[in-house]
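Next come two complexes built around chain A: one with chain B, the other with chain C.
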Partner chain A sequence: MAEVRIEGLTKYFGDTCAVNQLNLVVRDGDLVVLLGPSGCGKTTTMRCVAGLERPTYGDIYIGETRVNDLEPRERDVALVFQSYALYPHFTAFDNIAYPLRLRKTPKDEIERRVRDVAEMLGITHTLERPPGLCSGGEQQRIALGRAIVREPVVFLMDEPLSNIDALLRVYMRAEIKRLQHELGTTMIYVTHDQVEGMTMADQIAVMNEGTLQQLGTPSEIYDMPANNFVARFVGSTPMNFIPGALQKENGKTVHKSDQFVIPVGDEMADRAAELCPGGVCTLGVRPEEIRFTMDEEGANQAGVFLLEPLGSETILDIEKEGLLLKVKDVAATQVREGDVLSLSFNRFHLFDDETGAAIR
Partner chain B sequence: MAQTEARQTATTDTVPLPVEMAVQERRFNLRKLLVVVVLYLAAFWTLVPMYWVAISSIKSLRDLAHIPPRFFPTDPRLDAWVTIFERRILENVYNSLVVATLATIICLVISVPAAYAATRMRLPFKFVAIVVGLMGLVALLPPIASAIPLFLLGSDLGIIDEKYTLIILYTVLNTAFAVWVLRGTFMDVPMDVEEAALMDGDTRFGAVRRILLPLIFPSLFSIAILLFIFNWNEYIIALYFVNSMKTMTLPIAIQAQIPQHELDWGVVSAAGTIAVFPVLVAAFTLQRFLVRGLTFGVASGQ
Partner chain C sequence: MTVQQTVSPLPGQGATSANSVNTQPPPPQGMWSELFSFRDNRLGVMLIVPSLLALILVQFYPIVYNFWLILTSEKGEWIGLANLSRLTRDTIFHGALIFSLKMGIVVVPMCLLVGLGLALLVHSDYAGRKAIWISILIIPLMVSEIVAGMMWKIMYHPTLGLVNVPLAALGLEPIIWLVKADTAFIALCVVEVWRISPLAFLLLYAGLNQVPRDIYEAAAVDGATRWRAFWDMTLPYIRPMFAIATILVFVWSTRTIGTIAATTQGGPGRATWNLSWYIYGMSFQRLKPHYASAAVLVMLLMTYIAGTIFVRYLWVERRSR
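What follows is the complex of A and B.
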């Protein structure tokens, strides 16, 4: 068990910069999710920690050891691959036993530990089979077992759930989280699925174009996105963005766009005046933070053009002068397509149009 | 009838009814029959010349000269076989075996690491393209074009008429081909599997030996057999570099059975039959290894 410290990690492939000046500390025993779209450098970062890539610049520490120049086998780090990368010519048992055999573990101990791990993962019945004859979920567990059995100091997971079906995925992500808690081993988990990130992580590191956008707990990432990229990327119904500018109206600051006039609180207005003197900023609001009434007289009116019922809630697609908003209706009101609603904006964020950074 | 139909629709996505299975099976069998017929025709097409050579070796002169040709010998005799063994054909077989086997093994020892480097190391693309391209050129060059310069070089070095010279030459001439084919084979094995071995604590060499090579063993074996057959049949280089019985390989020995006058087809056929034999054995062994599928299921969902 150990802390992982990444300092100024930069990785070039030829002229392409995959990771740029990344600083990240993964505390001992934490599950940190590297989250980002494909090509954001999250897998490269993880491969640098694993030792499969050499950093161009920067240092990686596992515990107190600088591991830059260590071979993967000298780092005591286990990696679960997206493809599982099982050895097809071995049985499941031999797959799991392989890391132990390489460490010259006594035979009876190998037998015991492999069986223990198999039992923990519920794959005892597959042990005599080659992976080709196991189901996707079983292969996944064999890959997990191979990582767990040797009790490494750090687990690395490279999108381990992207190849299994949706139902099993929901089950497995809880399973992996439980295992990690039980073993107490530091884990770096790479995914592009923000739901996986939100549900599993102690800390989420959101990455884009090789740079770290924000590091924080899932609720910090969700409630206080550092910039418009994080805001856009996290949340299963994406955040709404309303471009506009801040103006004074009757002594009060408002965010004025082509479609809406939204009053901005005094505190936020002060911060905005300081951080974004031009006042040109985009307002971001989560679908569940937009309130509405059927009142046809109120401010900020807009028409509903589509309903997306999800069972427990309904997404209202609202359109006004070319601007699309998604609004979450949790209360099962009787809104119908074509209705005109009056909107109010409960909690929202302002993002400086120039830098994309949140104003707070 | 209506009932069976109802049952059919109800069960289509679970277990096929016996009726459906029978239909499927019949269709399958018709296809299978066609395949078998075509394969038999192909086998017949390739085997008849071999049969002809074999049968000619025990035909009497009368049968050999008979028109129309006789498919079965009327008066089988072993004279040709006695003659060919008297002419110490077994020594030529021995030479061929030594040369072909060693050249095959050395060629693999060189080309496996070369192909591995060309696929797995992150070498600059241009470098790989140039090296592999040049090697391809060597492979494309007709042997006769290189035979004469090689002969001049060999006689300058004084290594004409030595078995090791043949071994070296065959190795060199086949390496390009072997690297090309092996490169494709290596590329079929996902990098992940090797990296997994590295993560599990293996060395690079260990990962190749314990994971990669066992995975591609069927292909490796097939390539080895192919190389062996090339070496076994090689004629043109040997023609230049063989001067005596000490180095004479089978193809040269067979040609030597054809004298200036009075050609004895029986003896030539007997020698030919002997030459075909190891290739036949190789082909039969090869056939079991041609079944791929070991790498199947390495990566799920891809």
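What follows is the complex of A and C.
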């Protein structure tokens, strides 16, 4: 068990910069999710921690040891691959036992530990089979077992759930989180699935184009996105963005766009004046933070053009002058397609159009 | 654990087909009726008939004819197994058989080692431009046996040959390679390794390319050294290719005749007679094709037995526990 410290990590592949000056501290025992779209450098970062890639610049520490020059086998980390990378010519038992065999663990102890892990993961029945004859979910657990059985100081998971079906994924992500809590081992978990990130992480590190966008708890990431990329990326129904500018109207600051005029609180207006003097900024609001009335007289009116019932809730697709908004409502919504609603915006964020940074 | 168990159907599958037997029409009786029962099949059969005939002509007919030759004397009279029993007393034949086996025992492992070494080198990150390396390395495969033999005969020449140059540089007496039995054997083995190892290289290189990269990474993270990963991942993975390479190299090295014809002509004395050379000499110089056919049968059996052994111990997957 150890802390992982990444300092100024930069990785070039040829002329392409995959990771750009990344600083990240994963506290001992934490589950940190590296979240980002494909090509954002999250997997490269993790491969650098595992020792499968050499950093171009920067240092990686596991505990107090600088591991830059250590071989993967000397780092005592376990990696679960997206492809599982099981040894096809070994049985499941041998797959799980392999890291122990390499450490010259006594035979009876190997037997005991592999059985224990297999039982914990519910794959005892697969142990005598080669991985090729196991289902996707079983293979996934064999790969997990191979990582767990060693009791490494750090777990690294590279999108381990992306190749199994949706139902099992929901189950397995809870399982992995539970295992991590039970074992108390530091874990770095790479995914592009923001739901996985939100549900599993102690801390989420959102990455884009090789740089760290924000590090925070899931609720911090969700409620206080540092910039418009994080805001856009996190949230299963994405945040709505309304481009416009801040203006004074009757002594009050409002966010004025082609479609809406939205009053901005004094506190936020003061900070906006300081941080974004031009006033050109985009307003971001989550679908559940938009309130509406069926009042045809109120401010900020817009028409519903589509209902998306999701069972537990309904998404209203609202359109006004080329701007599309998604609004969450209860499942048994009274709204019908073609209705005109009057919108009010409960909690929202302002993002500087030039930098993309949140005004806070 | 047996191999059978690994390929047995998943539980449930057997039961399903057993249950549905009653609702299915009965299976057709026998291969031939099934083959000719449909129009499509009839066309298919027509299409394979020419190649089938060709196969019969060049494969089955010679084998059957060979048996007839063995069982008859040079004058065409039936003599039963006399040719074979004579073979057991023929010391020249014994020498040739032993020489062939000796050559196989030396050449096969050497070819596999050299081939594997080259395959690993070309496969590694150190070799850029792999296509160029491959095309250079397989040149010996494209050279005919006779030409290779001629070339090496010049290489082994006591005064002109390249092989003796380093010896001369060290101030040693030049070795007259092809006139003494033991040096001739070594010299022939070298030619054969040069000639055949590219085949092993090509097959093993293809095998190496089949190994997924990620299992090496998994092994590295799991704690395996490069050497250990080679032993635990690479070798088991390329084992089927290894078996194929072993069989082909064995066949190539035991049947060789052009090399001998171009270099030693079986000499000195009969020291470098192998089976092919014996069969050739017996049929076309001594003009005893019936007797030589018995030796052909022995050679065929030898290859068959060796092939079976290689397949059994190398190819067929065995469990590691």
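Criterion: the second predicted complex is superposed on the first by the 359 of 360 C-alpha atoms of A that agree within 3 Å, B and C clash if a C-alpha of one lies under 4 Å from a C-alpha of the other, contacts with A are read in each partner's own complex, and residues count from 1 in each chain.
Everything that follows uses one rule, which is that a contact is a pair of C-beta atoms (placed from the backbone, for glycine too) under 8 Å apart; a residue touches a chain by one contact, two chains touch by 3 or more.
Just so it is clear, the structure is predicted and the values come from calculations on it, not from any experiment.
Engineer: Report clash or fit for the pair chain B and chain C bound to chain A in the combined superposed model.
Structural biologist: Result for chain B and chain C: clash.
Engineer: Scan A:Y98 for contacts with chain B and chain C and give back first, second, both or neither.
Structural biologist: both
Engineer: Would you sort A:H255 into first (chain B), second (chain C), both or neither based on which partner it touches?
Structural biologist: Neither partner.
Engineer: Scan A:S83 for contacts with chain B and chain C and give back first, second, both or neither.
Structural biologist: In the superposition, A:S83 touches chain B and chain C alike.
Engineer: Touching A:K42 in the superposition: chain B (first), chain C (second), both, neither?
Structural biologist: Neither partner.
Engineer: I'd like to know which partner A:E128 touches here: chain B for first, chain C for second, both or neither.
Structural biologist: It touches chain C, and chain B stays clear.
Engineer: Does the superposition put A:K11 against chain B (first), chain C (second), both, or neither?
Structural biologist: neither
Engineer: Looking at A:N163, would you say it contacts chain B, chain C, both, or neither? Reply first, second, both or neither.
Structural biologist: After superposition on chain A, A:N163 lies in contact with chain B alone.
Engineer: In the overlay, answer first, second, both or neither for which of chain B and chain C A:G136 touches.
Structural biologist: So A:G136 only meets chain B here.
Engineer: Run through 4-12, 166-174 or 274-282 for chain C and report the one that clashes with chain B in the overlay.
Structural biologist: So the stretch of chain C colliding with chain B after superposition is 274-282.
Engineer: Where on chain A do the contacts with chain B and the contacts with chain C coincide?
Structural biologist: Shared contact residues on chain A (touching chain B in one complex, chain C in the other): 50-52, 71-73, 77-79, 81, 83, 85-89, 98-99, 102-103, 130, 133, 146, 150.
Engineer: Using the touch definition up top, name the residues of chain C that touch chain A in the complex.
Structural biologist: 1, 6, 10, 212, 214-215, 217-225, 228, 232-233, 236-237, 317, 319-321
Engineer: State the interface residues of chain A toward chain B in the complex, per the touch definition above.
Structural biologist: Interface residues on the chain A side: 50-52, 71-73, 77-79, 81-89, 98-99, 102-103, 130-133, 136, 139, 146, 150, 163-164.
Engineer: Report the residues of chain A in contact with chain C in the complex, numbered from low to high.
Structural biologist: 50-52, 71-73, 77-79, 81, 83, 85-91, 93-94, 98-99, 102-103, 128-130, 133, 146, 150
Engineer: Under the stated contact criterion, what part of chain B meets chain A in this complex?
Structural biologist: By the definition above, chain B touches chain A via 190, 192-193, 195-203, 206, 211, 214-215, 294-302.
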